[in-house]
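Letters A, B, C and D mark the chains as written, and numbering starts fresh at 1 in each.
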Amino acid sequence: MCRWLAYSGEPIQLSKLILDTQNSLVAQSLNSPLGAETVNGDGFGVGWYPKDAVDGTPPAFFHSIEPAWHDENLREITHAIESPLFFAHVRAAAGPPIQQTNCHPFRHENWLFMHNGSLAGMNLVRRDLALAVAPEFYPLIRGTTDSEVLFYLALTLGLRDDPVAGMAAAIRKVEEVGHAHGVEFPMQGTVAVSDGAMVWAFRYSSQGRTRTLFHSIAMATLQEMYPEQARLRGFGKNARVIVSEPLSDLPGAFVEVPEATVAILEQGQYRHEPFLANAE
Amino acid sequence: MCRWLAYSGEPIQLSKLILDTQNSLVAQSLNSPLGAETVNGDGFGVGWYPKDAVDGTPPAFFHSIEPAWHDENLREITHAIESPLFFAHVRAAAGPPIQQTNCHPFRHENWLFMHNGSLAGMNLVRRDLALAVAPEFYPLIRGTTDSEVLFYLALTLGLRDDPVAGMAAAIRKVEEVGHAHGVEFPMQGTVAVSDGAMVWAFRYSSQGRTRTLFHSIAMATLQEMYPEQARLRGFGKNARVIVSEPLSDLPGAFVEVPEATVAILEQGQYRHEPFLANAE
Amino acid sequence: MCRWLAYSGEPIQLSKLILDTQNSLVAQSLNSPLGAETVNGDGFGVGWYPKDAVDGTPPAFFHSIEPAWHDENLREITHAIESPLFFAHVRAAAGPPIQQTNCHPFRHENWLFMHNGSLAGMNLVRRDLALAVAPEFYPLIRGTTDSEVLFYLALTLGLRDDPVAGMAAAIRKVEEVGHAHGVEFPMQGTVAVSDGAMVWAFRYSSQGRTRTLFHSIAMATLQEMYPEQARLRGFGKNARVIVSEPLSDLPGAFVEVPEATVAILEQGQYRHEPFLANAE
Amino acid sequence: MCRWLAYSGEPIQLSKLILDTQNSLVAQSLNSPLGAETVNGDGFGVGWYPKDAVDGTPPAFFHSIEPAWHDENLREITHAIESPLFFAHVRAAAGPPIQQTNCHPFRHENWLFMHNGSLAGMNLVRRDLALAVAPEFYPLIRGTTDSEVLFYLALTLGLRDDPVAGMAAAIRKVEEVGHAHGVEFPMQGTVAVSDGAMVWAFRYSSQGRTRTLFHSIAMATLQEMYPEQARLRGFGKNARVIVSEPLSDLPGAFVEVPEATVAILEQGQYRHEPFLANAE
């Protein structure tokens, strides 16, 4: 439904990935070759952790309902800001209204969250899922997307203590409630979560046919493979991205994250593990 | 928190009351002498029933988050459209985000609803009130205001069968839930409801100190009192408005609706009755 | 650069052509098969003459910078309004900012104007073209598009007295100024103009390779060809459209307007004539 | 017509002056005690030079047409960004449309410009003033305000070589053109200009009755006067502001800039000089 990217590494200008790459997120907003929708023109968001911030500092936001391709503030701000860890997201709305409160990423304290996909039969399950959100979180839900409910469900179920277990519990809850309402495949999508230090990216759907997800290979290797690519020299050795679809067509630069997997970025290292692998 | 007007009578251009009167709703958006806030610049909405429509036809909408005083579409549309029954509302947001889905009036089938005021302690009671909304209505809530929850609560509790009893039950529910969470005075405000034929306007607060509400006197009387007022000649004999504050300073033109009262417009006739009169 | 439609005939709901046809203007905003750009998401406008209006009544407007495909006001308003003559336009911006004042159609007194295409080398010629606009029109230019300058140039050069001669003189002026600045092919595009009674649609480019333009055949013929098409029965016998690209794929329903031609709708009749046919 | 502030000194978070002071610019947007208009809700802009930037680096922008008081991006961005020199502006539109291209400050290369006031009789003089802008600057005018024309006129007349002489020549040109069209008092307002190192603030009107302008006293003195004011300790010794009206009511903190004066901030020092003092 959407396209997103998560960056972790040496601080860079946000525009380097959001605007300046061959198949940048803004380019994808007009034309995303691998997207479920071609056009992702229903809002944009970027959330970034400050450079030199201490652990636990909340990230900042810029959300806009203008299509990303013509938003001048987006150009100004992504050029002006450097960050060691940021999320960016372009939206193709499947239903909930186009408004800033429905733009990803979402934030709670020092946590960021974004999602590409959907909870099937949302109108059937919305009420039961909202009830499953802890009362102290309930009034914090500001928009009306399924994605934000999923975030607060994961927070309710332990995301902050153990992101992988918290997301797993939230998705299992979505599946339980969905099945109870006759929804065959309740969960669809890729999800990114960060606490400001690490990034967790989940690829999972109840049907086992999830939206695409890719990670970049180690920057040192990439720079060795493509010594003539001047643009690559601007990135540090810890630079890594996880993305809905590759930001360029350099062969070998991006590798697909498997189905039913959580990918993890930590201090420049990428690894992944099975996640809810027993999806039917 | 806001300012509103409800018109019933012969079809007129919306602009006549929204733009062209001395203290029109748009004038009030910049400066409302009797408002809890002076500036009502956080969104605008108008809902109108079509001319010549059969009973049960849903009203149409125009919602905008631009301040009413500089919205060019508002000027164009209120000039272009004539209606025998319409609601208009300017918002001064007390909390929920400024977005079209939070603009009044709200609509369900052929019903319109708008509110000036607030449910106190909304963050404490939001979840319990949402749970009190019938499951079939729950997914229809599109915004995040207390007002829209009050509307769906009233629909749940019988608004369509008996508007006065339905609103009474909804407000009693708001008070019950509020008191259970330690809120002393849960309900505040004036509310307007229409089914396309009649208008019900409620003035009630748990504290017995409700935002102002006025109704216009019979147009024939008004025209007799002010024969030199050319502007008044443009209105038919059934023209009536109920408003947060008078639209002009013509002495005698507007009469205050008492506390704990429901005012009713029906085929050019105004009447009112006690409503929840035993408020402490 | 854009897509547009002009309707003349019995009064119809605007939504019938803007929203409800197979390849409606809103559908084209997301995906226009024949467009120079696929996505036309940079603003929307509709201008309509009122039903039952006397000659010379100015048209009304709705302009929005939200993409047409998710604009809720657009849906409400095009359903609520009926008109015997209206223009609608979706924009793919080539340069000038996305703002309501740059949305087509443009209006002057009872005249409407819209354009798909561009004046080449606009930054080179903008100043000289602005100087060619009569001083009394100059302060009326509200936006920053080349199209609006072309409109005021045509008004300066006699559009209101003779639309065909006025547009011809304006285009010749554009070509003269362009050539003086070394622009090889200064004019590109299709233009629609109306005074509320007739519609003139021009297809012309200095290079002789103009954006596409089509007109619908006579409604009676179309209804005879497709008696099973229930949707067609909703249109009166005078209903005609001129469009950037066909609104449906019914074979024979739409006919291309030739290069260097002005197409004219008058009281349900279509005709066309050569226009500036001696392009180099 | 508007309210503005210019800051120069040690890098600070923009929010410190824009949001957090007693009579901050955002507070003034809802209620400006000394303003020609009370409400300045017609758009907001901030322009800032980056921390650690080399001389000649262009400033960055954030422009928004939402009223400043409810703009969430404004809160996020002004908290996230630190700058040693920035301009901020809230607009009360006197005529030109509310759109981002009409939001101050304006930028050309490394220059910033903003204005509170107006050029009288703008519709009479617009064309002649636009013609007085050098052809190479003409296509760079992106909006439709009198203020932006004044900026490009000053650039045409030498602003970059000598800001005081350039502004003087531009204002004299405005007066000459105005008088030629029968405008008695063509120039009104306060103007701020910066090249990234210095700030020039002009207070001048043809009538000799100019909108208010104030500068803060030396921060060391202010901190000595108010040792108990914790908030003041957050500012460095070079911190200075020039503002349309005082940001607090601390007696002695703000001093009025006289009529027909240019105030200059340079490396923490304030000085002022007569400017066009022979205004009739």
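FYI, contacts are C-beta pairs under 8 Å (C-beta built on N, C-alpha and C of every residue); 3 or more make two chains touch, one makes a residue touch a chain.
To keep track of the chains, here are their UniProt names: A, B, C, D = Class II glutamine amidotransferase.
Predicted, not measured: the structure shown is a model, and the values here were computed from it.
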{"item": "Of A-D and B-D, whichever chain pair has more C-beta contact pairs", "value": "A-D"}
{"item": "For chain B placed onto chain C, the superposition rotation in degrees, Cα atoms, nearest 5", "value": "180"}
{"item": "Same-site or different-site touching of chain C by its copy chain D, using the half cut", "value": "same"}
{"item": "Chain B and chain D: spacing of chain centres that average the CA atoms, whole Å", "value": "41"}
{"item": "Where chain A touches two or more other chains at once, by residue number", "value": "72, 97, 100"}
{"item": "Chain-level touch network, classified as line, ring, star, complete or other", "value": "complete"}
{"item": "Interfacial residue positions of chain D with respect to chain C in the complex", "value": "97, 99-101, 122-124, 126-127, 130-131, 135, 138-139, 142-144"}
{"item": "Of all residues in chain D, those that touch chain A in their complex", "value": "48, 50, 60-64, 72-73, 76-77, 79-81, 100"}
{"item": "Touch list for chain A against partner chain C, complex", "value": "30-31, 38-39, 41-42, 65-67, 69-70, 72, 93, 97-98"}
